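Labels run A, B, C and D following the written order; every chain starts at residue 1.
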Amino acid sequence: MRSFSFAIRDTVRLIRRSPGISGLTFLTVLVVFFFVGCSFLLALNTRHVISVVEGELVVQAYLQPKADLEGLAKKVEKMPHVRGVRPISPEQALELLKARLGNQSAAVTLLGENPLPASLEVRVDKASSVSGIARELVSMPEVEDVVYAGKVAEKLARLSRFAEIFSLFLLVFAGLAGALVLYNTIRVAIYSRKQEIEVMLLVGAMPGFVALPFVLLGLFWGLTGTLAASAVLGFLYKSFVNSVQNTLPFIQLVDSPQLYLKLALILIGGGVSLSWLCSWIAVERHISEAMKPS
Amino acid sequence: MEIRMSGVTKTFGEDITALEDVFLSVPKGDFVYLVGPTGSGKTTLLRILNRELLPSRGQVLVGEYNLRKLRRTKVCQYRRAIGMVFQDYRLLEDRTALENVAFVLEAVGAPRKEALDRAGEVLDCVGMWRRRFLYPRELSGGEQQRVSIARAIANDPLLLLCDEPTGNLDPQTAGEIMQVLLSINASGTTLIMATHNRYLVDAYRQRVVELKMGRIVRDQERGRYDFDEEL
Amino acid sequence: MRSFSFAIRDTVRLIRRSPGISGLTFLTVLVVFFFVGCSFLLALNTRHVISVVEGELVVQAYLQPKADLEGLAKKVEKMPHVRGVRPISPEQALELLKARLGNQSAAVTLLGENPLPASLEVRVDKASSVSGIARELVSMPEVEDVVYAGKVAEKLARLSRFAEIFSLFLLVFAGLAGALVLYNTIRVAIYSRKQEIEVMLLVGAMPGFVALPFVLLGLFWGLTGTLAASAVLGFLYKSFVNSVQNTLPFIQLVDSPQLYLKLALILIGGGVSLSWLCSWIAVERHISEAMKPS
Amino acid sequence: MEIRMSGVTKTFGEDITALEDVFLSVPKGDFVYLVGPTGSGKTTLLRILNRELLPSRGQVLVGEYNLRKLRRTKVCQYRRAIGMVFQDYRLLEDRTALENVAFVLEAVGAPRKEALDRAGEVLDCVGMWRRRFLYPRELSGGEQQRVSIARAIANDPLLLLCDEPTGNLDPQTAGEIMQVLLSINASGTTLIMATHNRYLVDAYRQRVVELKMGRIVRDQERGRYDFDEEL
């Protein structure tokens, strides 16, 4: 306890005696974790956009003339991987066709009796389930034909797999790079205290006693740096989301209180534990070097 | 503490032999001058006793410690039991004189206030009370040297190793410091002092161990700095 | 010249005497410029994707029954902002309608005479020119009606403006962050040489003579770090492009020899000049501090 | 070079006066011992002459240089014309003894080979030829001190400032170094040497300037270390 209060006093001293190095280490941590956070948000949004697009995938099932539209809809709704079903009666289908043809709709009015069949519009949870659902639907006796964007679904499924891998890779890489830069920065900052560590050990201070202020110093940098990084990133991302919403309302970005909390927790947790670890390794190296008699 | 060095040799690299086959035993409470020309191995001997260096060959026993076989925590414990005045002072650059001394006391676990009080006391002993709030780079050579002496004695060590503790002091101040060291020795602390100061050695006669080229060439009770004069 | 050869020898010595710091500074430069390069590629590809999508925007012009299809097509092709024109005769229009209706095409065969008009499919260079072209077309006497995805075009135009600003912002930010981390790293590395600089000046060495090895050191870090960064980034991007091409052939990424050259030039040029500048500032600060008598 | 200090006062902060109203003039080729108790301002005086410090008040002229009004390049030029042995040596840690000396020669523009040759020569002068490839931390205190002396004299300075150049040397080596300094002085170099070494001052009688509490209290041709003995 006593040596802990000493360590805290000493940490304050270390910070105050070289404010330049402390300040720049703080900035480096900030920048590094800002980038890590950016990668995180990028990965998150890529996956979000893809899943939104996937949510718009539909399988169109055209029914036999006498099929029970509502009953079938209920049944299909309960199938796995189905997110929703919209039943379309022949009358609705005609209206839709007219709307689709635009100013050529005159052509449709030339038709006498409505030749269009009833259909189900089945929304699917993700791209890779589309072909399975389509196969199940076509095997039903009430269904005459099934139409779905098979190529698009396949593309999307691949894209989603790819984005999954890519975002994982990005995160791991950003994390590694961050750890590397952090370790380097802390190590060099502690390197400039090498002699101090040597002398302390020479006059009989315990290794833990010597290390503690430096570990606290690393912790301090990590904490303040990542706190600032989450604040800056949160603020910038919020304004980014806002300006996207204003100018490009059709693009949906991930944006929720939980997101910011998660972001802050990841950055601060990662930064604090990383910087703790880094400063511990860095100072431990000096200590064991200094303790080894030659 | 009692010191027993037997057959201690210290070589650096291939061709530098700083100490060769040194046998030295110092009973508890002894005062030993270590003299010899520059480069004769005095600092090497003291650094071996401070466990900064391991002997290349030979045994070193200090009190109950066998310096060849100390584990990390034991080394710290050992170093706290002894004190050393380094030839190049080795003060902590960004601590004031007072904090430099108080630091070793806090490292042992003394509460802040006690440490500062005790540090002030020993600084007063070596005449550095007035300069206690200055940083090492703001002190003169002799003042730094005295802070380094204060740090070494603050802990009431059982063994005090002094490497040229008066090199940057004028004769009068050196004499005062010598009085301090003698009184510490009188209280039972074993004291080894490497020195070139002929005045002191001749004025305060004690056991003299002379090194030359890494070998002990003289070990004399109540000796003088130069051997010839004793004849 | 003589002091230059001294400086080079001394730089080598500085590198060899603290390989740890040199190595980690090199790694930091690598990571930082890797991120800068990533931002650059991201910005480039965002703009590329948008421009590809914009290139698929069309304005559909339906003609008066007796209009000269081919002649009008030639005329429209010469208008500004027009990238291409595809004339569609009434027969082709009917085939297209059938294809579009899929298994409902039976409905069309019920039609007696072909009621569809001839039309022109006009491709436009970018989203923001769509409405202008549409207005010009509709004012032509031969054109009966114009159909175009006005909302989509507007969205795309906004998106493209947004992406422009965003990528600029990203680049500037990445550049600044890179400069900051670089300056910090070099500064701290040189900080550990503070006493050396002081002593050199105390024995009468000229400031330039003292500074040169450190500036060369910064240059060395900058050069090797950015060289490695461009190599790593180039390699990773190439494999990324390849794997995208294999699994997602429908996505077009920017990929050309010039791209890699440009990337390498930007990274290396930026890194070298930045690190030169940073080490110069860092060492100059120490020098003027050491030269100022107190 | 000739030195003229008039009314030089140096204060640090509010309450520390390291030098007070010092008038000192040293003709070209003189040899001056600067003595005085520790903390009396010797190093401060030498640092002012090396233009590490600016006097708080007063004029300092060395040769054609007015030390209060030197621009950056002039400072370098001035420092090359003089040599200084620092009390704490200030050797470059990651250069060998030889390179430490050769460095100052290269800084002046000497070609590498010549610089190394000359560095070897002066190291031989101070008896450090055998240890020339060791790094400072591998040298004993006295050896580092001698390298620092070698570095100061390598350039054939017109003014040599020695701050306690024999503090870590045994009497015999100190005497040898003294011979070297005297011969440099004989060749016309002005030499100021701050020292606590009573032996040397008394053995090689020269002009003695004594400082006490920052004031010159004695300035005596062919003096001794202690004033009383002269009475």
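As a working rule, a contact is a pair of C-beta atoms (placed from the backbone, for glycine too) under 8 Å apart; a residue touches a chain by one contact, two chains touch by 3 or more.
Predicted model, so just to flag it, every value in this text is computed and none were measured.
Contact with both subunit A and subunit C is made by no chain of the assembly.
Common neighbours of subunit A and subunit B under the contact rule above are absent. Here the spacing of subunit A and subunit D, counted between their Cα centres, is 67 Å. Centres computed as Cα averages put subunit C at a distance of 62 Å from subunit D.
One inter-chain figure worth recording: subunit B and subunit D are separated by 28 Å, centre to centre, where each centre is the mean of the chain's CA atoms. Looking at subunit A, no residue sits in touch with two or more other chains. Residue positions of subunit B touching 2 or more other chains: there are none.
Chain-to-chain contact here is organised cyclically: the chains close a single ring, every chain touching exactly two others. By the definition of touch given earlier, these chain pairs are in contact: A-B, A-C, B-D, C-D.
By the touch criterion stated above, subunit B contacts subunit A in their complex at residues 50-54, 72-73, 75-80, 84, 86, 90-95, 103-104, 106-109, 111-112, 151, 155. Against subunit A, in their complex, subunit C makes its touches with residues 20-21, 24-25, 27-28, 31-32, 34-35, 62, 97, 101-104, 106-108, 110-112, 115-116, 145, 147, 155, 158-159, 161-162, 166, 177, 180-181, 183-185, 187-189, 191-192, 240, 243-244, 247-248, 250-251. In the complex of the two chains, the subunit B residues touching subunit D come out as 12, 35-39, 42-43, 87-88, 131, 138, 140-143, 146, 163-164, 167-174, 196, 198-199, 225. If you check the complex, the residues on subunit C that touch subunit D are 2-3, 5-6, 13, 17, 195-196, 199-207, 209, 291, 293-294.
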